[in-house]
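Same chain, two partners: chain A is paired with chain B first, then with chain C.
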Partner chain A sequence: MTLLPVPQLGNEITEAEVSEWFRPDGAEVVQGEPVVSISTTKMAIDLEAPASGKLRILIAEGDIAEVGTVLARIE
Partner chain B sequence: MPKELLVDPSVSRAKTRLEGLDILVHAYDTPIDDEIAAHGADRLIEMLRHMLIIREFEGMLAAFKAQGMYREIAYTYKGPAHLSIGQEAAAVGSAFALDPDDHIFGSHRSHGEFLAKGLAAIARLPEARLADIMAAHDGGRLRDTVSTALGRDGRALAEDFLLFGFLAEIFMKANGFNGGMGGSMHAFFPPFGCYPNNAIVGASAGIATGAALRRRLVRDGGITVAHAGDGATGCGPVWEAMNFAAMGQYGRLWQDGGGRGLPVLFFFTNNFYAMGGQTSGETMAWDRLSRIGAGISPTGLHAETVDGANPLAVAEAVARKRRLLVTGDGPALLDVECYRLCGHSTTDANAYRTREEIKLWEDIDPIRRFAETLEAAGVLAPQQGEAMRQDVARRIAAVTRAVVDPRHAPPVDVAADPTRIGRLMFSNRHTTLPTDRAPGVGDPAASAALRGLARKARSGLTEAGEEMPPLRAITLRDGLAEAILHHMTHDERLVAWGEECREWGGAFGVYRGFSDILPHHRLFNSPISEAAIVAAAVGHAMEGGRSLVELMYADFIGRAGDEIFNQMAKWQAMSGGQMSLPVVLRASIGSKYGAQHSQDWTGLITHIPGLKVVYPATPYDAKGLMATALASEDPVVVFESQRLYDKVETFRPDGVPVDPYRIAFGTPEVKRAGRDVTILTIGPALYPALAAAAELSVAGIEVEVIDARTLVPFDYQPVLDSVARTGRFAIVTEASERGSFAQTAAATVARHGFAHLVAPPRVIGAPNWIVPGADMETTYFPQAIDIVDAVMADFFPDHRANRRGVRDWDELALARVGL
Partner chain C sequence: MTLSPAVLHRLGGEGPPVLFVHGFGADRFGWAANAHALIGTRTVWAVDLPGHGGAGNAVGDGSAAALATALAGVAGELGGGLAVIGHSLGGAVALHLARLMPERITALVLIAPAAVGPPGVSGFQDRFPAIGSAADAAEVLGCLAERPAVVAPMIAHVLSSLDVPGRRAALRTVAQALGHAALEQAPPVAPVTVIWGEADRVLPCPQGAVLGVHPHVIPATGHLPHIERSGAVNRLIRGALAID
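Up next, the complex of A and B:
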């Protein structure tokens, strides 16, 4: 199992919003595939699946998560 | 950085060579008989007559400048006369090939271009349309004056109307085409396709480019012509404009069906001299001007060199370029070689060229040569040319006699209405937005970024009264975004561009998500060409578009100085109030980036008459003021503080309304009430002023904090009313104090609030030196402790407070050493 956390995005940024899941919960994803877009107040970045496997979404679109929060597990 | 375009290393790194510098030079060789067969002898003779009109018209101006007398008409003309004697074939040949609804944007030497285009339009428009045009201009008054003074009708009346309206404008008379506000170098009359001439060399290139953008988008089949001289190829903004007109995205990314470029013809009237500097061989690197097109795009701008001494060669080339432009293959460039037989101006002593050289070109005088060509072809009788010349001279004399007669062309009576010229700067009108969504705009719900915006809290305060983080509540950035998005999605005329405005959403994310729902032709990434960004905005607005452009950092205003100061600010007034220029220029003021990225230049912009200036400090104000700016028919500069983009709304209990609203310009707002001191703040200075007010309140001093919100216009009354109660006035700004708007406001309040003041007004601004780096910034921009220090020292010296800030310098001593 691999975790997908909110990365450190800058020295003044403490949290980010989950803008869009590109794949639904339970989808089979491939390592390196963009699975989610997260946003700070001035930028959006896409996060890639850190491993291949089944995507288990933990934080829903629209929710705000602090840096380090696990957004999903790859099983 | 659109993801549609792959930067493929296997392509970019492949060994190859660029070929194909294939530029036609003087290729015209159509036999005159073929031209006669194609156009008819009458139209060619008409060309000759138009050239004679221009020659005589300019000869008249030259005579007035030199002798104060033309054909026994005495007149003192004080204005400029940049004549094009010898260049008439270039102007007339071009106008011959243009459609009446094509639009030319002139140079400073544009009498010939203006007259040629006007005369060609009159020759080709139906008489009924000419009548409509003359009836519509100034309620038909100019037509009536010309008809009374010169006694002709039909097409002849229209020619008299053109000559009279233009000459009256050159002489700055009240019934000149632009009410006397344009003059020789700025005259225009759009109904004949004569858009503004421009006294700034090369300035029409960017404006005509923006005009062509609008024409592409409305698909009206017309083109624009950017007239410039050869010397203009030395101007950076001209290069910016040519690139802007030929950007790769038109063909590769835009889905509007408009082809791979903008329908603009860069028409260089190449008379070999930039005033007194010789272009080819001396001041420029090119040998042939047409060579520069190859430096711009793979099409080489279809550039060629043509013989500007032969109107038919020019007409043939312009007709070919026009065909390219209307099929979406623009822009194009023509290097039209001709020779100015007269001086640059009446003070030109020809020190830079020889008599022999002038003589060589006099031998190919385009008028005499064309008359000889027509005579040799048997379509012009031997004495017909001379008779035509005499007839033209009588006509110009009659028009001149009428224009110098104040009964027909009265001077502008400024004394009778001293602020009249000032009131022409702004129309103060606003547009109404259509209620339906504009075509081609996607559903905001399809954009993750816009969905995120919709989820945010409207107020920036929690129920406990604590400030919310910017990710959870509407920020100043979001307020701007909501106002802009509302206008973008409802007003098809509004087009936005700037550097990385699209996918990136602008360097500070105001447009984030917009590219998900707006097509490229409504929102696009521009090159790093600040001059072209603003000039194109001006041209786009002149043609009925509405422009929203961004400069990323206000420090880059210098790169667009002429375009902001001389074009955007001036054309409404120089048109005599006939033209609307709905342009919104966004400029963000940075911090933490040092001397070239953190300057508050509000003082610079407010100094220039003709620009409305806005500087919001709260999300609520940002949304409402931006909406007003976008609805305004007047040009507006919106300053945005990068430090405030993440500010949430803490003043309005209900937060920022979801629905659109507008805040009228000119009204400062009391953000905190107080009885002892009035502090006016500009932009982000609001927040340290409020912090200072909270601290002073502990000491028993209650400060009234007023947020200026807009600087032009500005209603001083709320400030004066406050000062009448408090008796003490300070103003806080992040601009360097010398020459700032704050100094203007302090002087005005000192004068009009003098009776109530117990101490002189105090300006608390940035010092007159560079913005230092991030770690030293608090020593530069006024902080709360600086404000407390100034208030205590200037207004309450008996309280004997300890100074805590760094600002205990001696202003007068600093001024003596230039600081």
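Up next, the complex of A and C:
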């Protein structure tokens, strides 16, 4: 199992909003595939699946997550 | 010539220093999609150049050389063995910076650098300082990326950044200098990697070599490949910096 956390965004940005999941919960994803867009007050960032496997979404669209919060697991 | 100091911001990490240099109208916040890929092995810095972000608005003659002089004035804090990653105008600034301090810079990564390839025809830098509303911003920024979702989240930040007194005049000066900039042709003083979006509508992707190297071309991507295709660009940056 691999975790997908909110990455370090720079020392002035401590949280981001989950804007859009590109794949649904349970989808088979490929390592490197963009799976979610997160937004700060400055810009949006696409995050890639850190591994191949089944995507388990933990944080829903519209929710705010702090840096380090696990957004999803890849099983 | 009056120049405000450039302002450095340490984004995080440990190890040899990497400095991100933003493009026209942007600032230190534009690297959030890339900083995290380097923070594990590098000390990551981002600058606000004069006329941008939290820096003052005295931009001298507005040229990349002037902005690089301002940056060189504070770059001593970064230490040696410095890799510089510059986007658009920031790419031209990085080239000038490398000439000012060649012994300190070990690598250059230039993302759609200004004054390197064919001239832009979008008029982006001339329209940007006149942005007056969110609708203006959406239209002017729309040429930056192929995916609209990349641009929309930037609008509020751009509007507030233009509200700084003296900011619009400073950006007009920089825009004019960009319009008259001579082509960068001298070989860079450090190993250089060039990255370009194939569908760049601001600075067209060159068809051949520039600065003695062939650009890594990112398909179906516009002027912000480091945001629009951050995974691919981050892998190229890590390769250029010999990480992994």
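In this text, the second predicted complex is superposed on the first by the 75 of 75 C-alpha atoms of A that agree within 3 Å, B and C clash if a C-alpha of one lies under 4 Å from a C-alpha of the other, contacts with A are read in each partner's own complex, and residues count from 1 in each chain.
To be clear about the criterion, a contact is a pair of C-beta atoms (placed from the backbone, for glycine too) under 8 Å apart; a residue touches a chain by one contact, two chains touch by 3 or more.
All values derive from a computational prediction rather than experimental measurement.
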Just chain B (first), just chain C (second), both, or neither: which does A:Pro34 touch? second
Practice problem: Could you say whether A:Glu15 touches chain B, chain C, both of them, or neither, answering first, second, both or neither? | Solution: first
- prompt: Touching A:Ile64 in the superposition: chain B (first), chain C (second), both, neither?
  reply: first
Partner touching more residues of chain A, chain B vs chain C, is chain C
Chain B versus chain C as contact partner of A:Ala44, first or second or both or neither
both
Intersected contact list for chain A, partners chain B and chain C 19-20, 37, 39-44
Per the touch rule above, chain B residues touching chain A in the complex are 448-449, 451-452, 455, 469-472, 475, 477, 508-509, 512, 645-646
Given the complex, residues on chain A that touch chain C span 7-13, 19-20, 32, 34, 37, 39-46, 48
Counting only contacts in the complex, chain A reaches chain B at residues 14-17, 19-20, 37, 39-44, 61-62, 64
So, in the complex, the side of chain C touching chain A is made of residues 9-13, 28-33, 35-36, 39, 44, 46, 149-150, 152-154, 156-157, 227, 230-231
